[in-house]
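Two complexes are shown next, each including chain A; its partner changes from chain B in the first to chain C in the second.
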Partner chain A sequence: MKKSGLSPILNYNINTPIVFVAIVLFFIIFTPNHLFIDLRNLASMGKLIPDLGIVALGVGMLMICGEFDLSIASLIPLCSYVFATFLMKGINPALALIILLPVGAALGFINGTIVVKTGLPSFIITLSTMMFWRGVVFILSRMAPISITKYIKPYPYFEKMLTGTIGRFPLQVIWFVGIAIILGILLHFTKFGNWIFATGSSKGAARAMGINTNMVKTTCYIIIGVLCAVVGTLQSVRLGSFFATQGVGFELKTIAAAVVGGTSLRGGVGSMLNIFLGILIIKIIENGLILMKVPVFGVEAFIGLAIILFVIINNFTQRQMT
Partner chain B sequence: MYISKNINPVNTIITMQKIQFLLWVQVLQILILFSKGMKKVKKIMIFTIAVTFIVSMLFIGTSTAEVGKSAEEMYFRLVTHGGDDPFWAVVAQGMRDAAAELGCKAEIDFSGGDLAKQQKAFLEAVTSKPDGIALVINDDTVWDKPVEDAIAAGIPVIGINNDDTKGPVGNARLCYIGQSERRAGYIIATRLFQEGEAAGVDFATAHVGMAAEVPGAMYATVRSQGVKDAMAEYGITSFEMIDAGGLEATTVEERQTAYLIANPKTTFFLGAGGICTDRILSSLKAAGLKPGEVIAGGFDTAPGTVEGLKEGYITATIDQQQYLQGYLAVYTLYLYNKFGLTPNVDTGGYLIDTPEILGVIEELSGTYR
Partner chain C sequence: MSSNESNSNSKELLRMAGINKYFGKVHALEDIDFKINETENVGLVGDNGAGKSTLIKIISGYHRAERGQIYFEGKKVRISSPKDSRALGIETVYQEQALAPDLSISRNVFMGREPATALGFLRKRVMDEESMDALKSIGLQLRSPNINISTLSGGEKQGVAIARAFHFEAKLVILDEPTMALSVKEVREVFNFVNQLKRKGIAVIFITHNLHHVFTISDRIVVLSHGKKLVDIKKKDTNVDELSEIIVRGTIG
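Up next is the complex of A and B:
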């Protein structure tokens, strides 16, 4: 059972912060002309990383709870499509986003209910729902992109609030960090957070202690659904369009980010700060390798190697600590 | 239900002749039946009359179907490698419009770039015995035998969107409807290099970057060959293909932006496909570049590409008029069934680089263009 307070964030699995600092220093020193810390590069990363990062925070929290959610890759474009549809019907974008949040929650609730009621592996259940919702998006949208620029233009404050900049500093960073703080407080400083760790560590023991593990898991799925609604909106406002291909590939990248951040695939182990850093590590490696002009087909190979390396190191460290 | 699927009108004529022969045999047998004597022979005659009558009825059933099969009774399948791309929405729209006009049924398969999945879809399509298949031939060897076998089984197969690099010599498909990818790559690159020439670019030191959603895929490889053809004419030697990381827009933008920041000597930047071209505007802006600093262009007319053209960041794009690939695929298969026609149509290479053309395109972008 985990301890409450700051100790689980700072003391548990110090590897991730060390690796993060090492990676950043490496790319600062070795990228040509130190391009890694070029303001354009930092601004670009700040603008784009939150698309994956925000939803990865929720996926990481769910993994601590002992489950997976692959369907985010389809929930994001589905929420984006619903948002675009609301705009085309003349609904104010801010109101559209507010209405969309419970829609996302409902989609997450469906995932959670199926997982807890059937007792089947969540990997398979959410893989199926991912395929199902992707098909729904294709049928509804006929894969045609929908330009939403003209619907957003009359509401400049909404666009600025979501995707604006203060100088070069993109506001998406504030959304990303803010959501990480909220989920971090929820995970590490509330009773519900304790229940998440207990459920992930040992479902049987958690139930014996009177924890409603089904409710805990379903709530985590609902949180992910809401985050998908946020990301779907954020992404389509920034892109200026809805694309049916939004979120493709996110399902595995979010899991990889959580694992690099020290989250155990078996559940019960992890921290929100490390998940946050894990997301940054994955994206920084991708960015840094391109800046270093790694051969075009080598980027994916290096990212794969880096993930394996971190998983091995984290696993080794966890065994040493236990 | 048909005994055979004869799609060649010549076969229909032969069948009619067979029916006529059988009918004359029956008439002769009836005449013998009514003659006096030969009781045993008459019993045999009655039996053979019945058999020939049944056989001729079956032939008539077939020939009626062969000669008179209407568009409403026809069913076509489009087997593609697309799906995760707004480009294919337009192809599907063309297919639907053509099917609605003809009154026939048509369906489209998507494999999201997965060749194995596409092969499976093709075999399933063949099993469903459609009146024709339109196939994206995105490999020079993998489709040779399946297409040959399908045609031998009486199912007409045409190529759309991508073709064997050796054309009809390399694959048995009946005809091809789509863009000549190499020519399209040549056209867009030439247009960009003309812009560079007007701007006084030194071609000896110029660098061309080309971002591809799936770098190893045939569309990217063949288009880049066209680009290199144009490079050779202008004396440009530096070229790099960029792995844009797939079809996900954010990933594509991340990679393109990082590349542009890391390679400030990039003179020309192309998107090999619709998603990469769509993200060029955002990538150039994020890299701190102004319109014209990097001469950019690409393919298709996704919303971001249209914006890029309007803002001057993108010089030109190629519209491969993919609507026609779906629309003409259905019509071609219908007309092949009817008259045996096999037209080859180059739908592409339509250059969009003026405000007038752009105005038309913008209205239709995403649905018909």
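Up next is the complex of A and C:
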């Protein structure tokens, strides 16, 4: 009765780690001079991947409970703008970040409340809020970047904590892995995590058993909002500036990462570890192809192909199981 | 036709008196009196729209009656939510609705009532052991608590839902169309589980369209039609044909 890919006993999809290892080996072998495994390349990836990765973890978790959030693409620059504004007003960056977290939470709460109260498809709702907030950011910032380097300089510890390195090892990776572990524990080992899976797998059953599915969904949106605040800050500190175009494209890339990580579009199925690996797989393919001097347009095409392949494989192995 | 004599062997468990329910202008339930004793198995039948679903939703706390009283174990009670109903010891097993297909048996049995530490961490070992015990208690043998519900047969799924009700020490279990879309063998399995419930002293309300099933499993049969109670009769005082005639006519013949 056991088929490859999905172990019915553990409920864990092993396609993703298998592909991860395969892709890593592939690029180690085939990039010119094995550049892929060069420490400078790894460090560079370590700085860039968490921007997408941190928020993708939250997006994946939301998909497990059955909803989507496209607005992250605009919440990130919005939070970054608010952060820059706080800095310009003379607020200590660490304090600014702390105040920003509940702001992100509030933005997530708005998304969650609209989704839950209207009962309309979250894909459409968050598409709308994405467009709305991006408009707000464009108007407020007048499309002009805001340099924040001079506000960060007096606080070297802040910059080190967020974007510093230990040797070559970028600290962003620690934030990324730390958040992945926390969310993973929440998802797989707590009551609330069971509620997330139950809500995504069968909202009707979850409600019949007394789970407040509205609260579960809204909480997932709030978590995403907080993650957007974190990423908005991380990104702008790393870049030294706020840009109104931060986060563009993230709305689909995060979903793609989750799907590559075996998350079902219907909800109820997924694993934080696999979402983490899915993020890595997508970014590694991007990085590896660039190192192999594949033209930029080609990279996008490859990633698109990879995603389609994944959906088909995951669907197939899931069907084998039932 | 009504037989209100109580079963002299057991005490009254649930009594609903003068229940009226409106949905807007629709009078969904009209002056319904309904009673069930401990360890009794009552079959609730009637065609679609008769009010069976509405009646049990009132018992399980999803709806509230506009008029009427509910007594549980002799005391007057208010059932304002599913939580209230469960707290009294009433468990409802919904057709198709009660189980999450992507979750394991263990996670399904404890859905919404997970045993956890103070911080919210699942007590997985407790969940696994107790869910297997509950299955065994109703006679269902399954390999492991971690297999997905979606891999189980229809009869096994009903078994898990019934085992769940059993585990939470229900005094009254309501089964909403438990044998719908099941094979003959699976129906027999479900009857075995239901009989186990009776052996453990649990009262059962068994809702179905299928009169033959109701005659196999129930002690007493209540027929609803267009929101009114048509018949409340012991199985031994009637037969399938007679009851079928009454239902079709929608009136006492």
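Just so it is clear, the second predicted complex is superposed on the first by the 310 of 322 C-alpha atoms of A that agree within 3 Å, B and C clash if a C-alpha of one lies under 4 Å from a C-alpha of the other, contacts with A are read in each partner's own complex, and residues count from 1 in each chain.
Here, contacts are C-beta pairs under 8 Å (C-beta built on N, C-alpha and C of every residue); 3 or more make two chains touch, one makes a residue touch a chain.
Every value quoted in this text rests on a predicted model; they were computed, and no experiment measured them.
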Touching partner for A:R40 - first (chain B), second (chain C), both, neither: first
Touching partner for A:G210 - first (chain B), second (chain C), both, neither: second
Contacts of A:G249 with chain B and chain C, given as first, second, both or neither: first
Touching partner for A:T233 - first (chain B), second (chain C), both, neither: neither
Chain B versus chain C as contact partner of A:S147, first or second or both or neither: first
Partner chain in contact with A:S71 - chain B first, chain C second, else both or neither: neither
Chain B versus chain C as contact partner of A:S201, first or second or both or neither: second
Broader residue contact with chain A after superposition on the shared chain, chain B or chain C: B
List of chain C residues in touch with chain A within their complex: 82-83, 86, 92, 94, 97-104, 107-108, 110-114, 116, 119-122, 124, 144, 146-148, 150-151
Chain B residues within the chain A interface of the complex: 83-86, 88-90, 92-93, 110, 215, 240-243, 245-251, 253-255, 257-259, 261-263, 275, 278, 282, 286-288, 302-304, 307, 365-367
In the complex with chain B, residue positions of chain A that touch it: 31-32, 35, 38, 40-41, 43-45, 47-48, 51-52, 138, 141-147, 149, 235, 239-241, 243-250, 283, 286-287, 290-293, 296-297, 299-300
Contacting residues of chain A [partner chain C, same complex]: 8-11, 189-195, 197-198, 200-202, 204-206, 208-211, 264, 268-269, 321-322
